[in-house]
Structures are given as C-alpha cells and as structure tokens.
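Next, two complexes with subunit A in common: one pairs it with subunit B, the other with subunit C.
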Partner chain A sequence: MKIVVCCKAVPGSVTDVAVGEGNALTYRSQFQAMNECDEYAMEEAIVLKRQMGGEIIALTMGGITTQEVLYTAAAKGADKIIRVDAQVQDPRAASKVLAAALKKIGGDLILTGTQSRDSLSSFVGVATAQQLDVPFAFAVTAIEKDGDNAIRVRKELGGGRSADVRLPLPALVCIQTGIQPLNYVPPARLMRARQQRPTSLSLADIGLTQADLAPRGYRIVGVAPPQRTRQAQMIEGSPAEVVTTLLAKMKEVR
Partner chain B sequence: MIPTREVYWNISNIWLMYVLFVPAAAAFLYGFWRHFRAWGATLPADRTGRVGERLRGFAKYVLGQGRIHGLGRPSRLRHLYAGAFHAFFFFGLILLFIGTLVVMAQEDFGLHIMQGTFYLWFQSLALDLAGLFAIVGLCMAMARRLFFKPARLENTQRDLFTAPVLLVILLTGFTLEGLRIVATNDPWASWSPVGAAFGQGLAALLSPESLRPLHASLWWFHLVTVLALIAALPYTKFRHVFTAPLNIYFRPLEARGAILKPIDLETVESFGVKALEQFGFKSLLDLDACTECGRCQDACPAYASGKPLSPKKVIFDLRDLLHEKRDAYEMAEAAETAEAPPLVPDLIGEDALWACTTCMACMEACPVFIEHVPKIVDMRRYLVMEEGRFPDTMQQSVRSLESRGHPFPGNTTSRLEWTKGLDVRVLGEGESAEYLYWVGCATALNARNHSTARALVEILNEAKVEFGILGEDEHCTGDSARRMGNEYLFQTMAKQNIDTLESRGVKKIITTCPHCLNSLKNEYPAFGTNYEVVHHSQLLADLVASGRYKPQGDFNAKITFHDSCYLGRYNGVFDEPREVIAARSGTSMIEMERHREASFCCGAGGGRFWMEEPSEQRVSNLRAQQALGTGADVVGVSCPFCMTMMEEAVNGQKGARDVRVLDIAEVLRGPERK
Partner chain C sequence: MPGNVLVIAEHWKGEPEGVTFQMLTRGRALADQMGCKLDVLVIGHGVGGVAANLADKGPDAIYTLDDPALETAACGLQAEAAVAALRQLSPRLTLLGYTLVGMELGPAIAVRLDVTAMTNCVSVDYVDGAVVVARPVYDGSLHARMAIDPDTPALVALQKGATPTLPLESKNAPVEKLPVDVASLPKRGEVLQFIEEPVSDVDITKADIIVSAGRGLGDPSKLALIDECAKALGGMMGCSRPLVDQGWLPRERQVGASGKTVTPKVYIACGISGASQHLAGMSESRMIIAINKDPNAPIFQVAHYGIVGDLFEYVPELTAQARKG
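Then we have the complex of A and B:
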C-alpha cells in the first residue's frame, strides 16, 4: 500500500502574529515544527505500513525551511519525502496544490491531520479529497484493512459518539489527534535523515501557476489577541479570608 | 657504641625471602597491568595538562587527605572520626614502608644509614609510634564497622577482612621487635617503647629458651603475610592505595559547570554510552578508584527521597561489570562489535537513571573525585539521542523546547509580560547596553517569578545600571535539554542564542537563573563565546557593597537560605546571596545543616522539574522539612526553579505557620513592595 502523509510546517508559537505583505499572516516565531495533527497521521502511517507493508511518502509545501518537517517525517519512518515549492496560506489554494501534487504522486491512502495549529480551518483535507474525487472521512480515530481494496475507519461524531465507515481505496482520511502515541524522534535518526535529499516539485511540475494560489473572495483585515473581559476577580487576603469570600460568592451565585 | 640493630637477627636462609618476593611481585604487577589494560590506554587531553595544579591537588587530597577528613568544609562534609583513623594508618603505614626501604638500603645497597641518631629517632622511636597509631586507627575503623555501622557502608565479609589483615601484620611486627629486644637485651630498648612493652609482656609469659624459635617462625609468618598482602593489592579493595591517588591526580580541573563535554555532532558516529567500553579512561579508572565509603549515597537527594538511584550502586554495578569483562578478556573485542547488552536497562534501571537531579552532591562528597554525573548523562545521551527513549513528561518539555524555545508545555505567556509598567529596554538587533539581563524562561514565563525580575529591575534602575533585555528573542539556553541527554538540541539552542547575543554586541550578562548562568558562563565558551556572566546575587552584593544601592526600611525576618546547586556547587557562589540578605536591615540568618557545598537539591535539576512524582518521593518536601526545621519565617532562594519547588513544598507543609519563600532580590528590595 502506498500511503501519502500531508505534513504542514507550522510556526512554533502562533500567538505573535500580524498581517504582513500581500495580505498574508506573518509569524514572529523562529521555530518551525510539524503540525501536531499531521504528526499523528505520520504515526498512524507507520503503524499501517507495519501491518500491511508498502511505502510511506511524506508531502509538504512551502519554502526551503519547511524541509525540516520532511526530515522529521523521514526520521520517523517515511520512505520518500517530497516538497512542493509553493508559499500558500489560503486553505483553498493549499488544497489545490495538494490535489495537483497527489495526482502526480499517486497513492492508495492519503492521510492528513484534521486541522493546522496556525489557521485552524479544518478545510484542506476535505477539499483535497473533493478535488481528487476520492472518498474521505474526517476526525478518524482508527483505521483497519477491510478486504483487498478498502479500509474501515472509525470517525468521531458529535456528542462523544462515533461511526464505523467503509471506504474503498484510494481514499483520504483526516486523522484525529491521539490515534497513536507520538514517538519522540531521536536526534541521531534526525541527523541521519538529513542526509536524504527531498524531491522538490515546482508549481509548473504539477501544472499550476502562481495565479492559482491567490486567495479569492476575502481579505484579512486584522489580527487581534483575545479580549480581556475582566470577568475574573482575584480574591486578595490571607487564606482564611480568601476562603470566606469565596464561600460567600458561591452562595451568591446559587 | 653506635646505636643500631642487627638486621635479620635470628634469621637464617634469608635468600628464601627474595625467592618468595618474586611471585608476590608478579601477582602485584599482573593485577595492575590488567587494570590498566581495561581502562584503555588513551588519556584524554584535558586530563594530562596543568601538571602543577594536578600535583598541588595531589598534595592536598592525597597527602593532606583533604576530602577524607573534610576539615574546613561544612559539617555534613566533615568526617572527623573516619578522617582521624584513616590518617592514623595512612601515615603510620607510609612511615613503616619508608622504614622497610631504609632496611633495604642498608642490607641490599650497602648504605649504612641505620645507625646513630637516625636509628634512634626514626628507625626506632618514630616507627614504633607510627605502628602504634596505625593499630589505633585500625581498631577505630573496625569498631565503626562492628558497632556504629553507618548505613552507607556495605559491611560484607570482604570488608571485615581488610582491617584485620593489616592489624595482624602490625601486631606480629611488634611481637617480633619485642622478642628481639628481650632476647638480645637491647641497650636502646627505651627508644622502641611499644616494642619493648611487647617484649616485657612476652618475657613474663614465655620461657627464655622459647623466645628465639618463636621469633624465627613468627618472622617468616610476618613476611608471608606482608607478601600475600602485596600480591592481593590489585585484587581487593586495597587497590585504592594506588587507584585513588591516580584518580585524584587525573581529577577534572575545569569549572564544575563545564564538566559535560560537547559531542562533535558532525564526526561522531554514535551518541552517548550504550556499553561500558564506550566510557573513557578516567570514567573506568573511577570505577576502580572507589573505596566504597558510601558518602555519595549519603549525599544523594534521589536516594534520600526513596528513588531507585544510589550513585554508589551505579559505580559498584559498573565496576563489577568491568571486572567481569576484564576477566573474560572481552574489552577489546566488545568495543569493536558494540554488540554488548546495553547498560540501561540491563545493568542500571531506567528509573534510576532518570532519578538523578545532576545536583553534584555525590561528586562534592567523593573523597577520590569520582565523576558520577557525567556518566549518568552519558548513558542518558544514548537513550535520548539514539533511541528517543525517555520519560513522557520530559518528552513534552523537550517538544516545547524544539517548537517554542522554552521548556514549559502549554505556557503561552509573553516574555515581556513581567515588564508591564517598568522601565525596561528591549534590545533589538544592532542595539546594545552595558549589561544584558538574561531573564530566563522560568522567570519570564512563570507568574510567581515575575516579582523577582521586577525587584531586580527596580534595583538596577535605582542604582543606574545600564541594561537591556532580549524580550521575545530570548530562548532557553538548553540547560535542561543537555542534562536530559539531548546534546543535539542543546547545541542547536546554544548556537541560535549565540547568534542573538552577537547581534546585540553583548559583553556582560546578568542572570536570575543559575541554570542560565551555568550554560552561558561555562558551557557556551566551547562554542566560541567569552561573556562575563554574573548571577544577580553577585551583582546585587556588589551594588550594596559599593553603596550604589541602599536598601530602604527594615525587614524583620529570620531567614534561612537554600543554596541552589547550579549557583553553589556548580559555580562556587555561596557568600554573595548571604551578603545580599544581610544587607537588608532587620534580617537574621539561620543556616540549615545542609548548606553551601553540602546543600540539598530542591529536586528540579537534570530535567526532574518536568517529572511527576508522588508526594512522599519529592526531594522538595525533604528540603522544605529541613528549611522549616530551622524555625525561619522566610526561606531565601536564588533560582526560579528552586522558587517553584520550594514554595510548593513549604506551602504544603508549613501548616499554620507564616512562612514565605522569597528570592534574595525580593528580600533586598522589600517583599512588601509590588
């Protein structure tokens, strides 16, 4: 089975953010890491490969620095690493790039995370599946093989319920966090993984142009931190006074 | 008549002594040759230079027995009884050995020195007293093992045999001297008072004609016992007679904080120590130098809090494995194949390995300079860097370091939050100030420590010290990553921080965190830096002494001060925090028994801050009990990690008492000020 895992490079800290040039968000953080949901997808891919054999391809998009997440993927166990050289923030454009790249790469099972830490749109996985015209499942917490050409997945529903769904392959699955424990990547393996050269695809290689990447229909006007509502009250005083005030407040509320 | 005595009086066939000496010497040489071979031939470069300093240390710690008695050190590190008895037989036996050399010079080299005044004062009186002191020392040592039985001593059968062997040699020696004195009616008997007394006693018990035959047979017995001891030296605990002085000579001379050596990530093929053979010369010599005194275990906070780590046991286990492998001639082959079973967890449990707080109490206590902590970190390095195997909560902290540049998972506090309303300059690229205040993650990101930083900044502003901070561009120095064994992450963070510091032209740094201090001061120079780094206690002590800052008002409090390991044992800063506390009028100081070099860790070092542990196993609770036991109303600290650990533990245990944990900067500025 050929498994492709889409891994996004996200800034280490997403709190210090501003609207920069070209209506894009710029993050101040010097650190980049693999988006946590995608890391869970990577861990699941490793387990599936162990069970069913095949190969794992890790795919990312972005500038040269995003290769870091591919090295992490390789250290975890990806057999091939591919980067699409495209700076994309708009989720719809991202799904376009991924779909185009996946058409070229192929793959029986495509894994993505449910959302990314920076934009929290939960859009890219589903939109990619739609453009590839393959079945998908969102917020998946377990995957198992079901016959030769299908998988059975457990996906989360509201209210703590879940549904078992059978998907014919090829399919795209958005992985929920916690599907497997995250394993720490030992630095020695990471350093060895750095010896690998990622395959680099340009937009032209996947049949797209820069114009395809522009966000359409919206414009980011500003970014703001959460507003303090001053609802919280700090109770001052000795422990005994604090408890007395607290009890009084609790009675008031009741 | 010239005072002297006849050597080998009453002994015939003396050639037999020389014959018997050959196998003893052979066993001795073979035994030590095997040790040397097992340690490996290559001496690391940092252990061969600075010969003068090494010899001075040799004089202080071998001849002066500096760490055995511990005179001049804090009471927990002073061992007057053991120090006295060890000195008694150490010097006694050395003098007696010199006496034997004198006999050899006289008999085998024809130097007639054993006569006249020298004979009377040295060869008779001094050696008699030396023997007496050695006997007293040995009896004291045996009494300790038989009656006092300190828990740190093993007291196996093997240990019970050590002192008696020496005692037999000494007692038969005096008996021989006494028999000769009585039988020859030695005119200089009064110069050998102990031997003469033995003689008097024996003469009263034995018939005159039995003296000579008894003397002859006892002489051969005495000789064989001595030769057996020589032969047994390398194979028994007696080996420390040679290995301990060697270990002291090769002791680490760098700053304590620079003892962990960088790994050359570009060239090294495997990281850390998986198998015994990967330890270097000094690490293996350490194992054979151990005298089994157990002082490391007594000092260890992990052991005291019931965790499965004893630094003594780590050394014992490694040593036993070394001997096993050496006996099987495996060292050379195993080093090549590296197929040996891993030390962790086969020999040393993972729980034990991760229990170490790297507080250095063991190394401070060791009389022969064994280096426990670097060995533990070397084994951690293998687990983390090669296998990614370490406790979950530590992993979360490391992930946070990797992705957010600070070790506190889930913490989203701004590094500038504490500066609100204060006059603090944030240095951008290309900007500089006389001092850089390196705030540290534990101070900047933990609300409790904000008031430490605020107190310090207010003092600096009042004293007109020109300084700036890095704000959001400051990241963890990598201290905890390094001690968790993640050398790769440490070096990544160090290089990144050095770039930031260079871009601000930094020359002088103030830190509030002793861990940051240690990395910036002792570890970063390996990457080409040369900053003057001071802890805020040092700067504050200076400002107060020079009158640049005058504390306002009284603070009436009995204060006990908890020495941070990384400030105290690692960097030798003991006086300055106490000077800062004393500078605030109204304060009085009460020391805990474990203070200064003998301080007891708060439990946070070595990555332990990120470990969850049951209350009864918390090092911090033990320390809080010690602090509360002084009756103080303030526990002074000088480290943001100690602050968190101690405050939690003190609050949990103080009951109805009003006890506060305060940083020294808060004490100086006035804790009542916000």
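Then we have the complex of A and C:
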C-alpha cells in the first residue's frame, strides 16, 4: 500500500497579522510545527504500513522553511519526503496544488488532517479528493482494510454519532485527532532525519502556473480582534476576591 | 445578480438539526435585504417530515431530493446529488452548517460547482451589494473579513450557534420534489452502518454546573483539581477534545461538536481556548465563566465573566470557598 500523508507546517505564536498583497494575510511567527491532526495522520500511516506493508510518503506545500515538518515526518517513519514549492493561503488553490502533486506522486491511500490551525478552514482535504475524483471521508477515527481494493473507515458525524463507511481505493481520508497515540520523536532520530534531502517539486513540475493559484471570487477586507457577541465582564483582584465575586454571580443564575 | 438564498437543511432521524433553524433565521434576513427568495434544500431518504416541519419556519419554497440510494450514500454521492439539485436551482448564496456533516459536504459541493466557498464563518451579512463574512484565523483570536465579489455565487458554512434562532413568519412554503436521477450518479463508497454512542452512567448533559478542563491543564495528574472543584460546586467535570485524544478522560466527558452539547446553568472553562468546535457544544449555557492566561483567547468572546490568569490560582480557591458554602 502506497500511503501519502499531507502534512502542513503551521505557524505558532502569530503576531502582527495584517492584510497583505494578493488577498493574503501577512504575519510574524516564532516557529513552525506540523499541524496537529496531520501528526495523527502520520501515526496512522505508520500503523497501516506495519499491518499491510508498503511505503509512506510525506507531502507538504510551502516555502523552504516548511521543510521542517518533513524532517519530523521522516523521523516518525516516512520513507520519502516531498515538498511542493508554492506559498498559498487560499484553501481552494491549496487543494488544486496538492491534487496536481498527488496525481504525479500516485498513491492508494491519501491521508490529510481535518483542519489546519492557521487557516481553520477544514476545506483542503475533501476539496483535494474532489479534484482527484476519488472517494473520501472526513473526521475519520479508524481505518481497516476491507478486501484488496477497499478500506472500511469509521467517521464522526457529530453529537456522538458516527458511521462505518466502505471506500474503494484509491481514496482520500481526513484524519481526526486521537486516532492513534502520538509517539515522541527522540532528538537523535530527528537529527538523522535531517540528513535526508526532500524532493522539491516546482509548480511547473506538476503542470501549474502561478496564475492558477490566485484566490478568486473574494477580497479580504480586514483582520481584527472579533466583535464580542457578548461583553465578557472581566473580574480582577486577588484569587480570593475574584472567587467570592464569582460565587455570588453564580447564585444569581436560575 | 439573479438567484435566491438557499439553506441546505441538516437533519437526523426525521428531525431538522438546530443549526438549520439558525440558518433559516439568518437566510431570511439576507434574502429580504437582497430582494430575493429563501429556499431550502432537503436531501436524504424519506425526508417528507423534515420538509413539512420546515415549511412554516420562514422559507418561501422547499425542494427535496428524496431517494432510497441516499439512505446509505457516502458523502461523495450525497455531494453529487446536491450538486445536481443546486444546478437546477442556481442559488446566489448557499448556506450550510459548519458542522461535521457540513465540513464534509461543503467543500465537496463547492469544488464541483466551482463557487466561492467560505467555511467556519461566524457571521454573514449583505453590505453595499456584497456578501461579507467573518471567520477566525490563526488561533481564533482574530477574525478575517472577506467580501465575496458581487455577481459571484457563493457557499457559506456557518458555525453552529453563530446566529440565533428567531421565530419567523410562515410563508406556507410549497414542497417540491426535484427530479434527480440519483441512481445514475457515481457511488463512491457506501455507509455500512450508523452508530449512536450508548448512554453512559456519566451524563454531563444532566449537570447544573460543569467545570471543564482544557489543554491549559498541562498534565493529567491535575485533573483531580478540576474534579474536586466540580464536586464541591455540586457539578460535574467536562473537558475539551485534546484531553480525550490523549487518553486523559473518556469521550463521555467531552464537550463540543464531536462530543456532548451541554446547557448547564453554569459552565466554567478552565484553560480552554474556545475553538469553534468547543463553543458548538457549550455556547448556550446560561452563565459562562472562563479562566485563561491569554486575554485574547476566543473563549472570552462567549464568556459572561472572564478571569485572565493562571487556573491553578483560581480553581483551588473556588473549591475551598465552595466547600465552606
């Protein structure tokens, strides 16, 4: 089984966010890390490979610094690491790039996460499946093989409901957090992984041009702290004072 | 631009989900502002009851796509069916819930129809001839506002609880069955069974007071602090999803979109950032108290009372004073 895991590098401790050129946000960030549910997708890929054999390819799209997450993926157990050299915030365009790369890479099973921490859109996984025209399932919490050419997955429907779905392969599955325990990566393994050179794909390599990536159909008009729907009353003072006030407020609720 | 506002109804076992009524309320206001009609699309099998339920809740017309094949359809087929329906109706603005169901269906439809899609939206308005949405970015402490180009059909997925449900005047909406040949569409997988979580002994939905722990707790050994506090207040302990994912607590304690929806008298969020999927499960609580180190944490957007600080300074004190009575 050839498994491709889409891992996104997401910025942490973001500050100075503003609307920049080309319908994109600009920001400063202290570090980049692998998106949380993509880490879970990597762990699931490792378990599946152990059961069925095959290889794991970690794929990311981003600038050169996003290569960091590929080293993490290699340290966890990815056999090959690939970066598409493109910087795209628009989820629609991102799915176009990933789909074009995946067409070139191939794969029986493609894993993505459910949501990336920076764009918070929950869009790219399913959208990529649709561009590839393959079956998909969102928020998957278990995967098992079902014959030679299919998988059976359990996916969340919300409110404590879920469904078991049979998908013919190739398929794309959006992995939900918690599917496997996350394993700690020892620093020595990470050091070794850094010696691996990621394959870099340009847009031309996957048959796209910069023009294909332009966000279409909308304009970002601003970015700001949200308008409070409810004006939270901030309670200040020593812990004892604060708690006394709170308990009094709580008594008023019926 | 021609076309109506259309709400894709979400329903389960013959009942519309709460988010559907929220979207009808918002959709009605938008349709009136845009000078168009409000339509509803109900997809599934045996959805006559859902359509009848919604007919007097504000829409001008209801369209159903009712087919036995949709009973066990994986999302791929549901999306193809919805796309066929939407091609017939050509709405200018399609609203659906940013729920687990909508997170799967929305992008699937948007790609096929090639419409502008905005997911995880906290608001949708009509401003100077354009549909404008706001949605969280980064850790949710900021909202980006996007204006959809006029004359561009759009699909907007609204967070559950983002807009209220208001009683609307009935338009006695006619119900029309759309002619879509579902059997001819690509199947792309199949639902083998639906599973509903069994009722457990620990039922946080019954608690009057919930003290909930988030990742800010840092360490599972600290859970006892939260549990003691909940007990001292005569309530129960809840939690955010990462605690369950890490195996600190069982799923039955989880509050949110993929956990329990709770509406206690008092909900105390300790070290919880307030992601939309967490809010989806507790924003209707009568009083929300948030304790968080980060003054910009989105949880303060829904809290009635906020404490900016270290939960380890406040929670034990709360326990102590509650015990004194």
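Assume the second predicted complex is superposed on the first by the 225 of 254 C-alpha atoms of A that agree within 3 Å, B and C clash if a C-alpha of one lies under 4 Å from a C-alpha of the other, contacts with A are read in each partner's own complex, and residues count from 1 in each chain.
The rule is simple: a contact is a pair of C-beta atoms (placed from the backbone, for glycine too) under 8 Å apart; a residue touches a chain by one contact, two chains touch by 3 or more.
Computed from a predicted model, the values in this text were never measured in an experiment.
Asks: In the overlaid three-chain picture, which partner chain does A:A142 touch, first (subunit B) or second (subunit C), both, or neither?
Replies: neither
Asks: Tell me which of subunit B and subunit C touches more residues of subunit A.
Replies: So, of the two partners, C touches more residues of subunit A.
Asks: Between subunit B (first) and subunit C (second), which does A:A188 come into contact with in this model arrangement: first, second, both, or neither?
Replies: First partner only.
Asks: For A:M52 in the superposed arrangement: first (subunit B), second (subunit C), both or neither?
Replies: neither
Asks: Could you say whether A:R216 touches subunit B, subunit C, both of them, or neither, answering first, second, both or neither?
Replies: After superposition on chain A, A:R216 lies in contact with subunit C alone.
Asks: Inside the complex, what are the residues of subunit A that reach subunit B?
Replies: 12-13, 15-16, 28-31, 33, 183-191
Asks: Where on subunit B is subunit A touching in the complex?
Replies: Against subunit A, subunit B makes touches at 265, 270-271, 384-388, 390, 395, 398-399, 402-405, 412, 414, 472, 475, 486-489, 496.
Asks: Which subunit A residues qualify as touching subunit C in the complex?
Replies: Interface residues on subunit A, with respect to subunit C: 11, 14, 17, 19, 25, 27, 40, 91-92, 95, 114-115, 117-127, 129-131, 134-139, 152, 154, 156-168, 171, 174, 176-178, 181-182, 216-230, 232-235, 239-240, 242-244, 246-247, 249-250, 253-254.
Asks: Contact residues on subunit C for subunit A in the complex?
Replies: Touch residues, subunit C against subunit A: 12, 74-76, 79, 98-101, 103-104, 106-108, 110-112, 115-120, 122, 132, 134-149, 152, 154, 188-197, 209, 233, 241-242, 244-247, 257-261, 265-266, 276, 286-287, 289-290, 296, 298, 300-309, 313-314, 317-318, 321-322.
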